[in-house]
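Okay, so chain A shows up in both of these, paired with chain B first and chain C after.
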Partner chain A sequence: MTSATVGVRRGRAKGSPLARRRRRVFGPFLAPALILYTVLFMVPTGYSFYASFTSWDGFSNPRWKGTLNYDHLTHDPAFKDAFFNTLKLLFGCGIFLFVLSFAFMLMLREMKGRRFIQGFIFLPHIVSGVALAAFWDFLLNHDGMLNKGLHSFGLGPVDWLKPQWQFNAILLAIVWINTGYYVTILMAGVDRIPPYYYEEAKLAGTNSWQRFRHITLPMSWDVVGTAAVLWTIGTVKIFEFILAFSGSQGNLPTTNQWTSAMYVYGETIGGTSPIYDFGRACAGAVVTLVAVVVVVVVLRRVTSRDRLEL
Partner chain B sequence: MRTSKNVYRAGVIAAAVAVSAASLSACGSSSKPGTSSGTKASGSTSFTYWSMWQQNEPQAKVIKKAADDFTAATGIKVNIQWQGRDVITKLTPTLRTGSSADLVDQSVNALGALVAKDETTDLSGLYGTTIPGESQTVGQVIPDSYKPFLNDKSGKPFIAPYEVSSEGLWFDASKFPDLAANPPKTWDDLLALFAKAKGMGLTPLAVPGDDKYWVLLTLQRELGTDGLKKLASDKTGAAWDDPNVLKAAKLVQDLRDKGDILKGYESSKSIDEEGDWAKGQAAFYLSGTWVPSEAAPNATAGFKFDSIQLPALDSGNTDTGINFFGFAVPKTAKHSDAAEKFVAFFMKKEELSGISTQALNLTPRADIDPPAQLASMSKALTGTVYADQGHLSVDYADWTNKMLNPEMIRLITGQDDAAKFVANGKQGTIDYWKSAS
Partner chain C sequence: MSTATTGSRAESAAQDPRTPAAAPAGRRRVPWARLPGAALIWLFVAFCAFTFLFILLSSLKSSYNVLNHPFGLPTELKFSNWSRAWHDGGFGPAFVNSALVVVAAAAGTVLLASPAAYVLGRNQNRLSGGVSMYFVLGLGIPMQIIVLPLYSIMAKAHLIDNLAGLIVLYIVVNLPFTVYLLMSFFASLPGELEEAAALDGVGPGMTFWRIMLPLARGGLMTALTLVAIACWNETFLALMFLQTNDNFTLPLALVNFLTQQQFTGEDFGVMFAGVSIAVLPMLALYAWLGRRITEGLTLGAGK
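After this line comes the complex of A and B, so read on.
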């Protein structure tokens, strides 16, 4: 082996001087974020996983109880309600939300004043969930704006918030709050598509649906996939709107309106007489986490496509 | 072109992290095990007090004045933090990491979890302390009939109450001037009263769609004080077979079926119904002692707040439910001596009177006149009292939240009839205990 060969090999192994310097600063730049991430996220995650196998009231030391918390969840009607309501949010709201967002996107794409309308529908996303819940109640309650509007046409009143419909009102509100956000994300994907594709397609005599199907959708597919993952993660965090909308004077909403996040709150510190069952709450959170990871994996597989570099 | 495998992997990781963060933020964690009693000082010059009130509430103003008077009289500084209603929730993590508060206040129910875990200080010493400038001790000014509800399981007091609350059927005494003196003695009398209200052009009742009082208090009257506990604690569900459960549920169902309740109530909340009642849209409203002060801004001119208790039913029960708001000292408090001195000072007639005159609420001291709006309620509380709402929200909090409350709401809003209420209650209780054990 000649010294020249060795030199080449070394050079290949370490790369250019710039690459070497980059590698040297990689560690110091990454370390603070990694440490913070570990302390703030990974350790609590691990501890909660451990706590899900214990009886823990948050005051005293956790006591090991094996899988009893998980056994309990399989029988607990409140958890079943919470879990299925979360699925309703995820899939029911999700499908409606994405169809609506696509519709807005198509409508806005070539519209004058699109930035204004986009900003307008984005607005609910940045307003506090508590304020939105108050508005939603003001709109839908028996003496609310909607019924007053109906009354002026000689119609109603309709009990929009009767118990059987209340969770549907929540689902609708969640779509209303989130549509602007997802329209913005999808628009960002669509804006990257060069206009000449559309121009050529128009010259070829395509209609709007064909342009959407053959240009817009395939060329923004990676953004759609990312938005779907964001929505999946977002649904398990929906909490304050439901508490403010359906709870009353410190009381929890009835369990048929609980979601996974509400279950965690209800089992721990929620309500006027909290239960402080942190072990069971953590088990509920872990089950939800696993379910969401499964959904995300499936979603990524389903939406996985070769990405177009534009 | 490149594949999106990295995006896929990043998506999974991002999902896992975000969900963990969301769910675990409620779980919380602490790596510091156990709690330990704080080092108690004997001559503290200051202490920290976490209050359940917000600064602009009348109770907060009364407490702030007392704290200023206390500092002027003793030189002990009171560091008040207005934490709001979830004060105990905020206190909980500090119990594991070292105390942040030497004194807290909340209702007996909200303090229940701390008491159950033996995280509060025995206040026997405080009860034996003479109130500054007076001849009686703290324990002597609190009526004996209240004391069983202020003790922990070993019979030691854990709360020094400064405000008393209860529930009643509220009405405008300017429309029913003789009612407080001659309340209905039977359920039929009550129905006759509602018929009278209808004759006056009033809908008899304002009932929120999230209301539990009508079902709960009717059950209480029908079954007696311990009856509700039997419903909760009988794991076989057989307690629900008592015909009086069905009878009580039927009485509530009939109110609805007869159209005695304001239209649209199924989709309303207590604050909406309270407002509608105060505006004169309904004659009666079943709720707590907070009603006069809370509903006053909506009340029609000349509205005179007064209340009666529900009549006796088969059990003959005429007891009045009682709830307390008061001070507790966390076991980890480092300046409990100063905190207890302040409580004794606040129990002075001169200071405590503010709860009646400014906050328009009842105090535990018999020698402080109740506000006029609560005079009937105060009189009712001189009779036999029982732990408010059968103490279910403390002793069987999980069962109450998950089983009883939803079923009561289904009954009052007409989603279920009385028979279904009983059937669901029985099966729900059996299922609850199966999953709880």
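After this line comes the complex of A and C, so read on.
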């Protein structure tokens, strides 16, 4: 494999037949994907930056209005809710999720039936958030399953979905949905650690905490970092669970349960009376993107600090 | 390296961490300390299993029984829930739409991504490195930032409320991940066959089509499956771009049904039949390709 790669590289400089052939198809093979991706992904991204400085309804041409959209965002309660809820998901949910996933991963490594367990806890990740929301709502509703269960123990119904608790119910559900996925990622990372490290550490008389502290943690640090980046990117996509869980009668959820994606939907074509404020929604999306980039850069810095090469 | 690994494997089998002889001091404490953790894990597993069992069983119960005996088994099997969800709830046409969109989008994505991933994965130079980075960039861009300009573009092309338009969008948003996944897959394939084909005078297109694609079959299957799952469950774009019930995909039909039910009084049996229609194909796919799905997702993530 290595020699082949070297051969190809050296050959390329001279123009070996293989390399020349590959270069001939480089353009045609790449072009369709590259053009589609550029036109319908990267150009819109750029256009959103421009549109965030305009007044735009999505149909007629945008009119320039400087930073007014951004000024508006700073005292738009709906955006503040959306932004802080996204941060709550990112950090509050995130820390809980990672501690839980890491603990599960460590315990699962030494448990029997590990494949079976992993298979089950991964399940919620592959089905629609809307379907899970329907179940979750039935579970926590006033007449729902949890209260029915409590009733049989003679306990009164609890209003699980009262306004100040409802977003916490969402946070809990998001942790439940994602735990299996992150356990699997962390597991894949930790499984790469060569077992002889543990053998040698055991011979040196370490206990399991020391082995965790000095082998598992430093050697899986980069996987934790990657998983954290994935989570950061993933949180801003959380949308349909909240829509289906908290929306009612064709209306959007109240703004105190909005997230970034909900803001874009709500400020434009969502709800029973759409607002069509595409410019402001673009500004909201740009702020979200900037926040994601900042968090990703910081995470990369922090986690690459003591990355180890195997 | 390889001998060391084999050696240590043999050793670790000899003194498996589970066998108490390995750590006499901690023999009694460790299992007890693990007990709450293991209990928590099994509780979690039980909840996941319960969720899906509950959904499937409730789909066969009367609304009264779902509500009043949520933990009981169905007393009679109400298959009429399913037919009512399929015909009256709009899940039938939505199922057909979803299937159509998913198949076309998954096939289209892989068809576009695999040649690109092939040349990017097997050419190691600055140009391919740069283009790869350009694709990877898309992984970090949230959908809400592209969706509004896209809405304008699609409106001008008269592709709003149009399944073909949605398919194009699904292909586009799945391209970055698929290119990335297949790129690492093609890069990991051995080059000898490709070189042999070149020496035999097989054209580069043919080499890709006849040699590299079959070799990458596992990766292509994984990519197809992952795109299919993503599209089957996708809600945000569908909600932005589809308007009439006839065009709704399953997640939209479900949202629609849930909100309608709040007006008409809920029939929980029919509701869970609808949920089942949306969930069952994914459960079946997962039962069939479970390992491949999780491995694909971690491979895409683990770099």
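Assume the second predicted complex is superposed on the first by the 266 of 310 C-alpha atoms of A that agree within 3 Å, B and C clash if a C-alpha of one lies under 4 Å from a C-alpha of the other, contacts with A are read in each partner's own complex, and residues count from 1 in each chain.
Rule of thumb we're sticking to: contacts are C-beta pairs under 8 Å (C-beta built on N, C-alpha and C of every residue); 3 or more make two chains touch, one makes a residue touch a chain.
The structure presented is a predicted model; accordingly, all values stated were derived computationally and were not measured.
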item: Which of chain B and chain C A:95 touches, first, second, both or neither; value: neither
item: First (chain B), second (chain C), both or neither touched by A:41; value: both
item: Touching partner for A:273 - first (chain B), second (chain C), both, neither; value: first
item: Chain B versus chain C as contact partner of A:51, first or second or both or neither; value: both
item: Partner chain(s) touched by A:155 [first = chain B, second = chain C, both, neither]; value: neither
item: Which of chain B and chain C A:252 touches, first, second, both or neither; value: first
item: Touching partner for A:135 - first (chain B), second (chain C), both, neither; value: second
item: Which of chain B and chain C A:77 touches, first, second, both or neither; value: first
item: In the superposition, chain B vs chain C on chain A residues touched; value: C
item: Contacts of A:107 with chain B and chain C, given as first, second, both or neither; value: second
item: On chain A, the residue positions that both chain B and chain C contact, one per complex; value: 41, 43-45, 47-48, 51, 58-59, 143, 226, 233, 236-237, 248-250, 260-261, 264-265, 268-269, 278, 281-282, 284-286, 288-289, 292-293, 296
item: In the complex, chain A residues that touch chain B; value: 41, 43-45, 47-48, 51, 57-61, 72, 75-78, 137, 140-143, 157, 159-166, 222, 225-226, 229, 232-233, 236-237, 248-252, 254-256, 260-261, 264-266, 268-269, 271-278, 281-282, 284-286, 288-289, 292-293, 296-297, 299-301, 304-309
item: Residues on chain A engaged by chain C in the complex (per definition of touch); value: 1, 4-5, 7-9, 12, 17-18, 21-26, 28-30, 32-34, 36-37, 40-45, 47-48, 51, 58-59, 103-104, 107-108, 110-111, 117-124, 126-132, 134-135, 138, 143-145, 148-149, 176, 179-181, 184-185, 188-189, 194-196, 198-199, 202, 207-208, 223, 226-227, 230, 233, 236-237, 239-240, 243-244, 247-250, 260-261, 263-265, 268-270, 278, 281-282, 284-286, 288-289, 292-293, 296
item: Parts of chain C lying in touch with chain A, wherever the complex brings them together; value: 4-5, 7-9, 11-12, 15, 17-18, 22-23, 26, 30, 34, 37-38, 41-42, 44-45, 47-49, 51-52, 54-55, 67-68, 70-71, 112-113, 115-116, 118-120, 122-125, 127-128, 131, 134-135, 137-153, 155, 168-169, 171-173, 175-176, 179, 190-192, 194-195, 198-199, 203-205, 207-208, 229, 232-233, 235-236, 239-240, 250-251, 254-255, 258-259, 262-263, 268, 271-272, 275, 278-279, 282-283, 285-286, 290, 293-295, 297-298, 301-303
item: Chain A-touching residues of chain B, taken from the complex the two chains share; value: 1-5, 7-8, 11-12, 14-24, 26-29, 31, 33-35, 85-86, 88-89, 92-93, 95-96, 107, 109-110, 112-114, 117, 119, 208-210, 263-272, 276, 393-394, 397-398, 400-402, 405-406, 409-410, 413, 415, 428, 431, 434-436
